[in-house]
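Have a look at this one before I ask anything.
Chain nomenclature is as follows: A, B, C, D, E and F, assigned in order of appearance, with residue numbering initiated at 1 for each chain independently.
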Amino acid sequence: MQYYDLTEMTWPEVEEALTTVRMAIVPVGAHEQHGPHMNESCDAVLATEMAKRLAAVLHPQVVVTPTVNMGVSPHHLNFPGTISLRPETLLAVLRDMVTSLQRHGIDKVLFLNSHGGNQGTLGLACASFAQELGIECYYAKTTVAAKNALKEHIHSPLYGHSCEREVSEAYYLAPYLVRPERLVKGDIVDGGRWEGLRPGSPIQGFYRYEEMTRNGCIGDATKASYEIGEAIVEEALAGLAAAVRALLTEPAARPADRALAT
Amino acid sequence: MQYYDLTEMTWPEVEEALTTVRMAIVPVGAHEQHGPHMNESCDAVLATEMAKRLAAVLHPQVVVTPTVNMGVSPHHLNFPGTISLRPETLLAVLRDMVTSLQRHGIDKVLFLNSHGGNQGTLGLACASFAQELGIECYYAKTTVAAKNALKEHIHSPLYGHSCEREVSEAYYLAPYLVRPERLVKGDIVDGGRWEGLRPGSPIQGFYRYEEMTRNGCIGDATKASYEIGEAIVEEALAGLAAAVRALLTEPAARPADRALAT
Amino acid sequence: MQYYDLTEMTWPEVEEALTTVRMAIVPVGAHEQHGPHMNESCDAVLATEMAKRLAAVLHPQVVVTPTVNMGVSPHHLNFPGTISLRPETLLAVLRDMVTSLQRHGIDKVLFLNSHGGNQGTLGLACASFAQELGIECYYAKTTVAAKNALKEHIHSPLYGHSCEREVSEAYYLAPYLVRPERLVKGDIVDGGRWEGLRPGSPIQGFYRYEEMTRNGCIGDATKASYEIGEAIVEEALAGLAAAVRALLTEPAARPADRALAT
Amino acid sequence: MQYYDLTEMTWPEVEEALTTVRMAIVPVGAHEQHGPHMNESCDAVLATEMAKRLAAVLHPQVVVTPTVNMGVSPHHLNFPGTISLRPETLLAVLRDMVTSLQRHGIDKVLFLNSHGGNQGTLGLACASFAQELGIECYYAKTTVAAKNALKEHIHSPLYGHSCEREVSEAYYLAPYLVRPERLVKGDIVDGGRWEGLRPGSPIQGFYRYEEMTRNGCIGDATKASYEIGEAIVEEALAGLAAAVRALLTEPAARPADRALAT
Amino acid sequence: MQYYDLTEMTWPEVEEALTTVRMAIVPVGAHEQHGPHMNESCDAVLATEMAKRLAAVLHPQVVVTPTVNMGVSPHHLNFPGTISLRPETLLAVLRDMVTSLQRHGIDKVLFLNSHGGNQGTLGLACASFAQELGIECYYAKTTVAAKNALKEHIHSPLYGHSCEREVSEAYYLAPYLVRPERLVKGDIVDGGRWEGLRPGSPIQGFYRYEEMTRNGCIGDATKASYEIGEAIVEEALAGLAAAVRALLTEPAARPADRALAT
Amino acid sequence: MQYYDLTEMTWPEVEEALTTVRMAIVPVGAHEQHGPHMNESCDAVLATEMAKRLAAVLHPQVVVTPTVNMGVSPHHLNFPGTISLRPETLLAVLRDMVTSLQRHGIDKVLFLNSHGGNQGTLGLACASFAQELGIECYYAKTTVAAKNALKEHIHSPLYGHSCEREVSEAYYLAPYLVRPERLVKGDIVDGGRWEGLRPGSPIQGFYRYEEMTRNGCIGDATKASYEIGEAIVEEALAGLAAAVRALLTEPAARPADRALAT
């Protein structure tokens, strides 16, 4: 698997790579509890692994940057070990990364994110950086593009955290994240406030993860497998690669607006 | 229609109302172009009208606050007249409002929002305020709960801004916002970068509205009607009211976390 | 009454108006208690009404923006219903508005303010924006220019909040703000700390409004009338219009300084 | 002249003084051009001298702190040598000073200010610190209380900066600030934008000092004298002392509000 | 090698570990050019490896957190690939980490830092967090404690970046960071401004790395060896462990000061 | 002694001086306890005096600015009278000063600092301002260059605050700072946490001054003399002057980097 990753390169190698690189991929993860059967670094590792694979597919047009290995996880803070950044801190980190990348001539950036709690901040980041820094700025959930595989393999009504989807991805991408002997279903709290606040409800709001699940998982991790992970990851990579290629072949994308003011 | 609205009350009236009020509804709108057939204040007015009607349904348990009449609209700034707040500015306004409301003994707040561009910021606001201020903090798009009416009446593949849905809502809630003689379909830009960045795409990112539509509209406003507006608004109000009632009857909602730290 | 108001216009109408518009008028109000006989939205409404009338006089050279409907009111926070912004929040809102207006080619702005508590912040705003944004930035109390009418009609030694002046202005501009059946004089606290801190004293400082008046009013609102309001408002409008015209006819005003640095 | 000044004391001496001290006096000045006949440190020195004299009158109830020797002077920046702080910087300095003073048990502070350009910031500072830090916070222009002396001795229609008033004060308080052989009248620019923006005009706004005066002075410094300075300073000190004494004898001043929230 | 590392643990494992853990070790690195013979992730990797080894020595009293894998590196930004955080961004990241750790009951933190450019920020961080968060906060350069080994083995007059010391450490701790076939001496710029600004000079200041070295290295990496790395690392670990043990056995360390104010 | 000092000049004098001035010297001090035998203004006064003397040596190439008379002193706050700025406040003050100086055409600045607690902040300031403002920015401890004199005359193992070194400097530069009749040795706390955190220890961190010394001094002030002060100050001035001269004669120093980005 051949790809460019800044963490594994010397500066003359980066200089050489920059002659073909047109976009940076920034892996964005989290450090938070993942129930009794996954390491807390799960999101950081999965984002990194997905970024490398996507970079291999798109080689030599993209380069992977260092991973943002902590994210916005306040809803998990009552579980031991979780480290959470405030949204403004994550914004500051991303801004500094983008500014540094611009110094090296890179003006397209994709935040490849494995943690749902970061999505709101990433949306704001892309809008702000596009306007203020004149950069083309994108973000993507790592495996959301795998619509068919998810439909086929994931059946829990409530999933998305240390569930059969995430554990399957880990089996395929980084199996050391999983404690196979401890896999359990989510221990869901029935009738809680959270039920009225899930995506799709008329109202949304902040609730703590322990309001929803006593063991920190949802879905049913016991149904996870390497094969499901492979199906999800590979479909997602194909979808991401196609989307990035489309953006890289746009003839005249015009992300910056500072010159547009009347 | 009887309801509590801080802008129409004296302080002794507020003092009396606070004996029954358990939640504040903050209308959150925007000031941005809405094509050639709607006033730029559209979102601010619709949020205000929805808030009053919701307050009437839930009377005397809720009170409407002053409207946040500008929002996060950078993607519309190249159309004349748009005023946009940065996300951090909107956060500061909401924080000050919530802090003031807490002084009056209100510890539940619903941001009732009519503008999609505000949603990311509102999500961050609710998470931050819940943690830092110990308040129950919720947000809702004004008519997203009207799933049936939307499915039945709205058929444009791309809708959501100065389209048949929004114009219909305005016909029902505030018809002076509409220029009936100028109603037009969205003048969509085919094959642009935006097509790969819509909700549901593998990748998301910031693009300017003129990259997508030359006249600032999407959908087909010529299909709007008072009746469609009525169907959407009334279904949405019923959904919102039910959701709020559920939250107000929660026996032991525990929004704050400061006391939870181990 | 013909005038330009961004909240009542579509973007093609704004585009047309911008061919003659040379200055934006930003109404700046507050949301705060006004005793037992005025709505808490008083300042926001009066600023809006004054802005529209001033825009009519100066048509088509000026345009009214959305109203800043909350202001800096910490001294009123112990009265039910008051919502107060911190000065830095108000500054952020105004900065974003000015920046947006600049995008539309407007480089002169007048903050038309009805609330004394905002004056300090507006002064800082004008100085900062003039320097940093290269804009001509002005501010004015709505009716301070009515020196003759005030001298003739207002006789309370202590006035300026929900008094005969403000109620008279409301009778003329927006009578629905007033509860005529509840009009009362200010219930002043004699001998309090506030007496040594009024304008004109050797020392100034922060005190809460309830330290000065038990019912939240000063002056004597029972002496208010439509006729007094008319005299004040019309004299003030004439004074404001003359001042703005002078600024608009300045041959070579040079507000920005970035080019001046040696 | 006996007084407490933190800059001239050791910590055991401060400890002893704190047994009687009830208020801190913070001299607030500026570093800005004062025409061809005064040093640029004028405001910093005058504020310091006034603070010491006021402290002597009120001994042993007050203590002078280090001087804030630069202020908010953007309007003077085009004259060589001026150093200007942004308002937010001055606020930060004052906040840190007040917080430090609270550590030593002082909960009443007077900002004694000699520079008009600081007044807006000081007003915001007092309001913010009173609310957020629970401190009694006041501010005063150094000699504004000298109403009679000013009326009797100062006759220029436009005065207040390196004029007969300020030079007279310097003759009395710190004569080394003055170049007697270079005293000149202000070289006023007739018909400029500034004329419509002076205090008392319907509109106010930011203008640069060179728009108003070519040599950086206003008024007529040639009319200054030691005797005028003495009259102004002594009347002002008496007025300030009386005002401070009144505040110190208030039986139940209640500056903090955090406990007042309903 | 047994140690606690949050990135490799589940939350029930962390919960168990917290019964003995008394201090967290936060590895702090950088992402910056290291000449033609080391990966740009060098500092992040070395800090992580040192932290794990130190945690093994002090097991079970300490726990390693996720690594701060980018740091303050503006002086390297003109070399391709470097990513630099502003000091305020690094402070924000560290603050959020410490705040999260406090939630889990940890009130002693050591920032174990491998990058000189972070030291100033870490000093400020420790002072701020000790005061504001009431935490015992320490920082250390990873191998500065190895005084004897450094004296014995490192002879270049100018060393400290991709030199024989750092390459030796990498040979011992993470040999994949090194390109042995490309090892070169620093290509030093003679007579530059930097010579007067090194530690020990009367004056210090900011200069860019290319002002000092053309290839991004200093010292002589060709003299590096596994054995030198072993000597440095092991002596440093012993010194760090002794220092931490002393701090953990302090009978009554009193880091917080909020309760100390008179 | 002839030198340029902005606080003692009029603007025409500054204008004249700027024809030869190439660097500004900013004295940076502190306001903090100095034991029972020195005034709390010690650091501010010594920095000012050193700056004037250095300016005399380098006349007419440098100019002294107003003194930053308070600094970062949180470790002294439990001693009566200390005033401490947060590091971010000091940064803001310095940034505004540098920005103002740039307006006057000065693009080289030396922060001449007498207080160890400011050094970390000054390092960050120089790096930030060099990058963001394109200025050559330096800092120096006032007498650190006096290596020979310090070695010869100062023998306490622990010195640096109100010790024989600092009191000697004061005897020579500003004897009114000293209470000769109260000179005492530092009253050191044996065996405290501070012993493991001194410069040179493997670990560093924040501790309060009273953890180390009961009377606020270290070293032995009773050994101070005018002659020692003279030796230290004059050697330091010579070293500083030589270093500044080298920087001013650099042929093509290139402090700014904004033009360097690839």
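As a convention for this text, a contact is a pair of C-beta atoms (placed from the backbone, for glycine too) under 8 Å apart; a residue touches a chain by one contact, two chains touch by 3 or more.
For each chain, UniProt lists the protein as follows: A, B, C, D, E, F = Creatininase family protein.
The shown structure was predicted, so the numbers you read here are calculated from the model rather than taken from an experiment.
Subunit B maps onto subunit C through a rotation of 180°, based on Cα atoms and reported in steps of 5.
Interface matching across D-F, E-F or A-B places the copy of B-C, with more than half of contact pairs shared by residue number, at D-F. Taking each chain's centre as the average of its CA atoms, subunit D and subunit E sit 48 Å apart. In terms of their C-alpha centroids, the spacing between subunit A and subunit D amounts to 55 Å. For the pair subunit C and subunit D, the distance between C-alpha centroids works out to 28 Å. Multi-chain contact residues, meaning those touching two or more other chains, occur in subunit A at positions 77-78, 80, 86, 88, 103-104, 261-262. Chain contact summary for the complex, subunit E toward subunit F: residues 72, 74-75, 77-78, 80, 86-88, 110, 120-121, 123-124, 126-128, 130-131, 136-140, 144-145, 193, 196-197, 201-206, 208, 211, 236, 239-240, 242-244, 246-247, 250, 253-255, 257, 260-262.
Interface residues of subunit E, counted against subunit A in their complex, comprise 6-12, 14-15, 18, 31, 33-41, 44, 65-67, 69-70, 77-86, 88-89, 92-93, 95-97, 100-101, 103-104, 179, 182, 216.
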